[in-house]
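Next, two complexes with chain A in common: one pairs it with chain B, the other with chain C.
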Partner chain A sequence: MSATRVRDPERNSGAVWRVLQVISGIGALWLLVPMLIVIPMSFTGSRSYRFPPESWSFRWYENIVTDDRWLSALGTSLLIAVIVAVVATTLGTAAALGLSRIRIRGAQVLNGLFLSPMILPVVIIGVAVYLVFLNFRLVNSPGGMVLAHTVLATPYVVVAVAASLRGFDTTLERAGASLGAAPLRVFLSVTLPIIRPGVLAGALFAFIASFDELVVSIFLVGPSVRTLPVQMFTSVAQESDPTVAAVSTILMVSTAIILLLVVLAQRSEPRRAP
Partner chain B sequence: MATRYRGIEHPLRGGWLLVPALAFLAVFFVYPLAMLITRSFTEFRETEAGVGPFGNYLWFFANDANVTILVRTFTTALIVTAVTVLVAYPYAYVMTRVSARWRMVLLAIVLLTFWTSLMVRNYAWLILFQRNGLLNALLASVGLGPVEILGTLPAVVIGMSQILLPFMLLPLYASLSSIDRGLVLAAQSLGARPSVAFLRVYLPLSAPGVAAGGLLVFVLALGFYITPAVLGSPQNSLFSQLIVTQVSDLLAWGRGGAMAVVLFLVTVAMLGLFWLISNRRELPSPLRARGGRS
Partner chain C sequence: MPPENLPGAALTLRGLRKTYPGQTAVDEVDLDVRSGEFLTFLGPSGSGKTTTLNMVAGFVAPTAGSITMDGQDLLALPPHRRGIGMVFQNYALFPHMTVFENIAFPLKQRKYSRDRIRTEVASALEQVSLGGFGDRLPKQLSGGQQQRVAVARALVFQPRLLLMDEPLGALDKNLRESLQAEIRRLHRELGITFLYVTHDQEEAIALSDRVAVFDRGRIQQIGTPDELYDRPATRFVASFLGEANIASGEAEGERDGTVAVKVDGGVLRAPGSAAAGASVCVVTRPERIRLEQRRGAAGLNRVSGPIVDLAYLGSSVRLRVEHAPGHSTVMRAPAGTLPPCAVGDTVTLAWDPRDSVLLPDSPSSTTPHPTKGMPS
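The block that comes next holds the complex of A and B.
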């Protein structure tokens, strides 16, 4: 009851706070350490995962360049991810615009349908797509891989664009149209500049969704299409090959750089009037 | 003029914008799922032929090994969800209470993990758990070990929890950072001990964030395939691996399809349960009425 019992909760102190700090520290280490381990491992001199490595070398990085399985897998993954990003961004942006404009009872159901590839266990999608693509001759084909990845990537675009459309003032579009602009012109010079951050974020998500996809890809790979995650997965399953550590290090550094660029871009993004 | 204006009132109006995406999903998503479900009722191995359309489902539930794996997958997903809540709650809470600089560091760690390739993270654990890897080197330095953790269920749980932790942390942090600290202060100034103020005020306000993150982690964990394949062993495989084995190795589309339907129904049941609970939470309460404002 007494007033002295009320501690100042704005001060971080006491045993409880220490415990929380320790748990957070463990959480941070748990997130980071496994990934950081990969970096020294990529410079090991021997073909083993002994830690710490007994000798050092660049041979696994050389291996990426000289063994064309790795470079071709990287090229395939990049190409597929770029195409998927373009297709999924087009489909997803149109869908998000459409969803924001219709006022019918089924809008919620449609929304659920668009998001379901993101929520459904991906192995189910993989098996189902594999079953049908076998008949369509889309297994072991880059086109089949693009189609399957687009199914998985489109929901991310819908979510990102829908978020940027929240609070969007359609009066602006009407103003543009009343001044005589054709619908496409209205979209390009009024709507798109305003929702651009959402569209770009969606495109980035779609690219990563494809570039990182593994489960569905395992079903669809073959001699003529092999993506980087699949190459890593099969390599890990068959032998202890530190080339995977070198590839992982390159991927992590790229991720960190892209993340940094996105943060910087968001900071410099000029604030637009809604 | 008025009619002309009405004509251009919604320059991009209309559902036609939905058509390309709908058509695409219909052909490459809905149709494959429908085909798979159909197969589960029409394609049988010799042993189930003539049992009726539910033959594959009867086979699934009559087979002890299948049920064991289903239960194991459920248990694993529950443990993973519990572990992520126990780590994410303090982590997200500390994030709301430290300086902006520390908050950035803690957030950057989560985001970097979140965006790093899934295969890289699984591979990282594989290296760490090696017999002559870092874990055993650390254990040896304090006079313990070595342990053979690779290929065991604990290895799978540790890896899965770390991979799914950001899915718990991000919604939970959003939820915790929107809680009005004044409510906890008010409870304490009215005589509640800090622990009571936490349990009666802060915890209920954070429940929606925990539920949202928990559901996401649980549903994703149910369908995990890569982590148990890399860190586990065939003796403790999870449900997704069972489906892949049936389809890829045995080409048993009927059985595989039936298993996919079971996994699908479990996932939908979880989402439905969450929807029911979260709707019930809309019941008015004096705290919620204020909490929603801040």
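The block that comes next holds the complex of A and C.
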């Protein structure tokens, strides 16, 4: 594709602008259509993945509600994702604060270290976590799953909070101290309300990172802990009935809603303290 | 508890030092701030004045030295336990809180009752003429209004010492002058000690009881604005505070308590003593110099040369005379008191040697304000 450098779209002729719009539209469709296919598939009446569906029904949605495996996997995933979001947000916010304040050589290296779970191939993390967790009896345990997901989710929080700290004026913390507030009070009353959009965004990203984690989870599942993505994966591999399309549709819609919330959280100005 | 129940705290700095790797920010500062006085730290950026203020506030830990307030060791206390008010250059208002909540903040930390907070905040807002602004957010106020809120917030918990770090630096000139008047009024009414940092010498002179001039991490001189202006102790102070003619040269000898100094374009005398051959400079304020129309009394300092610049400054006229190639002397006189003259006329400038100050000629590494230092 030819790289056209566009400095100011309004100064380009309408034709060029139109062409760019069409190209962008095609790109968006290219990314979205394969995913959107599962929506009609989830309403199929037959027990196969034939597209387009020959008949329509809600039976696969019923299946989610009635089949215990799906509901318990959903419950496990939600519970783990909420715990991971809380833990990763606490750790990630603390890490981002620390990284923004320290003035030592090697701070960049430290920063890279915190972000490494985002960069390392997930499969490698999965194998490594599996081998280590075997020794500590953390495989097939909800605690182990939370631990592993927290490692993967924390970098998202660090990135989101670091971004909101870049515009933060530390003089405000000095002002808080000069007015008689102890450091923790300053953090809760001054710093946190101001960086709240970044913290909320980080928490939502952490939630999503845990909720749709598959690769590492596959290494850690067992009879006592089974997450939704793992259930979907085995369902496709072993049963290949369209329930998974119904689950996917639900996940897509809920993820879209969560991402919308992130955008809104980042756009909203810091509101008044309660 | 305050000794003698004075409203203002007395502050003592002894041997205060702050070094950073490869750099000394504050070097052996000794200072006594008297109860209730308005003391200003004046100096160029990087001279150590803000670092010193931050050590008093508790934001910077000294490398060595002591700070005591009314005999109490301040360094043993974290910033939030020092009970010192502080106003910052960028206002530092909490953007997510209303004006009311900002000013209530220090009172909440002190667990005041809800009713008491309401009355105290209201009176603090009245004090800075911002009654009725309590519900606004900081960003809905002008810069001057924001700074008045910051002052109200720093004073509402009745500290006995107020620190101000270039509080008017971000404001335009007119606003600065009206806020200066307001700060002076607050200082008079409250009677507490003010410690003020600025790089603006006019502001320092206009506000302060005493000024401490900082350069390269040290206090060069401390005194009333008059003392600093009329009797500068170092060449740096002379050039940083107001306009000064500084002529460097070699001391030739003493007579009748004055020293003759050989400078470019002649010999100048100034009171004092110096060994013959010593490097000294003669400092003279422009308004002490007169334009000599006919030869007057003997024993005056005189320089002659062509007028190279003539500027009307409204109430006064400023005249620059090149008394030697590359060296000029500036005089200032009230408008209308000068005889007609024009650029290019050769004139003689004269002044009483007692109006000059003799100083050792120590070159300063920190460059003073570019518009203030006058070449000799």
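Simple rule for what comes next: the second predicted complex is superposed on the first by the 234 of 274 C-alpha atoms of A that agree within 3 Å, B and C clash if a C-alpha of one lies under 4 Å from a C-alpha of the other, contacts with A are read in each partner's own complex, and residues count from 1 in each chain.
Note that a contact is a pair of C-beta atoms (placed from the backbone, for glycine too) under 8 Å apart; a residue touches a chain by one contact, two chains touch by 3 or more.
Keep in mind that this is a model prediction, so the values were computed, not measured.
Participant: Tell me which partner A:S189 touches in the superposition: chain B (first), chain C (second), both or neither.
Facilitator: second
Participant: Is A:I125 contacted by the first partner chain B, the second partner chain C, both or neither?
Facilitator: first
Participant: Look at A:L71 in the shared chain and tell me whether it touches chain B only, chain C only, both, or neither; answer first, second, both or neither.
Facilitator: The answer is neither, since A:L71 touches no partner chain.
Participant: Where does A:A148 make contact in the superposed view: on chain B (first), on chain C (second), on both, or on neither?
Facilitator: first
Participant: Touching A:F219 in the superposition: chain B (first), chain C (second), both, neither?
Facilitator: Touch status of A:F219: first partner only.
Participant: Tell me which partner A:A177 touches in the superposition: chain B (first), chain C (second), both or neither.
Facilitator: both
Participant: Between chain B and chain C, pick out the one touching the greater number of residues of chain A.
Facilitator: B
Participant: Thinking of the overlay built on chain A, is A:V253 touched by chain B (first), by chain C (second), by both, or by neither?
Facilitator: A:V253 contacts neither chain B nor chain C.
Participant: Please identify the positions on chain A that touch both chain B and chain C, taking each partner from its own complex.
Facilitator: Residues 174, 176-178, 181, 183, 186, which sit in both footprints.
Participant: In the complex, go through chain A and note every residue touching chain B.
Facilitator: It is residues 1, 5-7, 9-10, 12, 16, 19-21, 23-24, 26-28, 30-35, 37-38, 41, 48-52, 90-92, 94-95, 97-99, 101-102, 104, 110, 113-114, 116-117, 119-133, 147-148, 150-151, 154, 158, 170, 173-174, 176-178, 181, 183, 186-187, 191, 208, 211-212, 214-215, 218-219, 229, 232-233, 236-237, 244-245, 248, 251-252, 255-256, 258-259 of chain A that touch chain B.
Participant: Report the residues of chain A in contact with chain C in the complex, numbered from low to high.
Facilitator: Residues in contact with chain C: 169, 171-172, 174-183, 185-186, 189-190, 193-194, 270-273.
Participant: Enumerate the contact residues on chain C facing chain A in the complex.
Facilitator: Where chain C meets chain A, its residues are 57-59, 78-86, 88, 90, 92-98, 101, 105-106, 109-110, 137, 153-154, 157, 163.
Participant: Which positions of chain B touch chain A when the two form their complex?
Facilitator: 5, 8-22, 24-25, 28-33, 35-36, 39, 86-88, 90-91, 93-95, 97-98, 106, 108-113, 115-121, 123-128, 130, 132-134, 137, 162, 165-166, 181, 184-185, 188-189, 191, 193-194, 219, 222-223, 225-226, 229-230, 240, 243-244, 247-248, 253, 256-257, 260, 263-264, 267, 271
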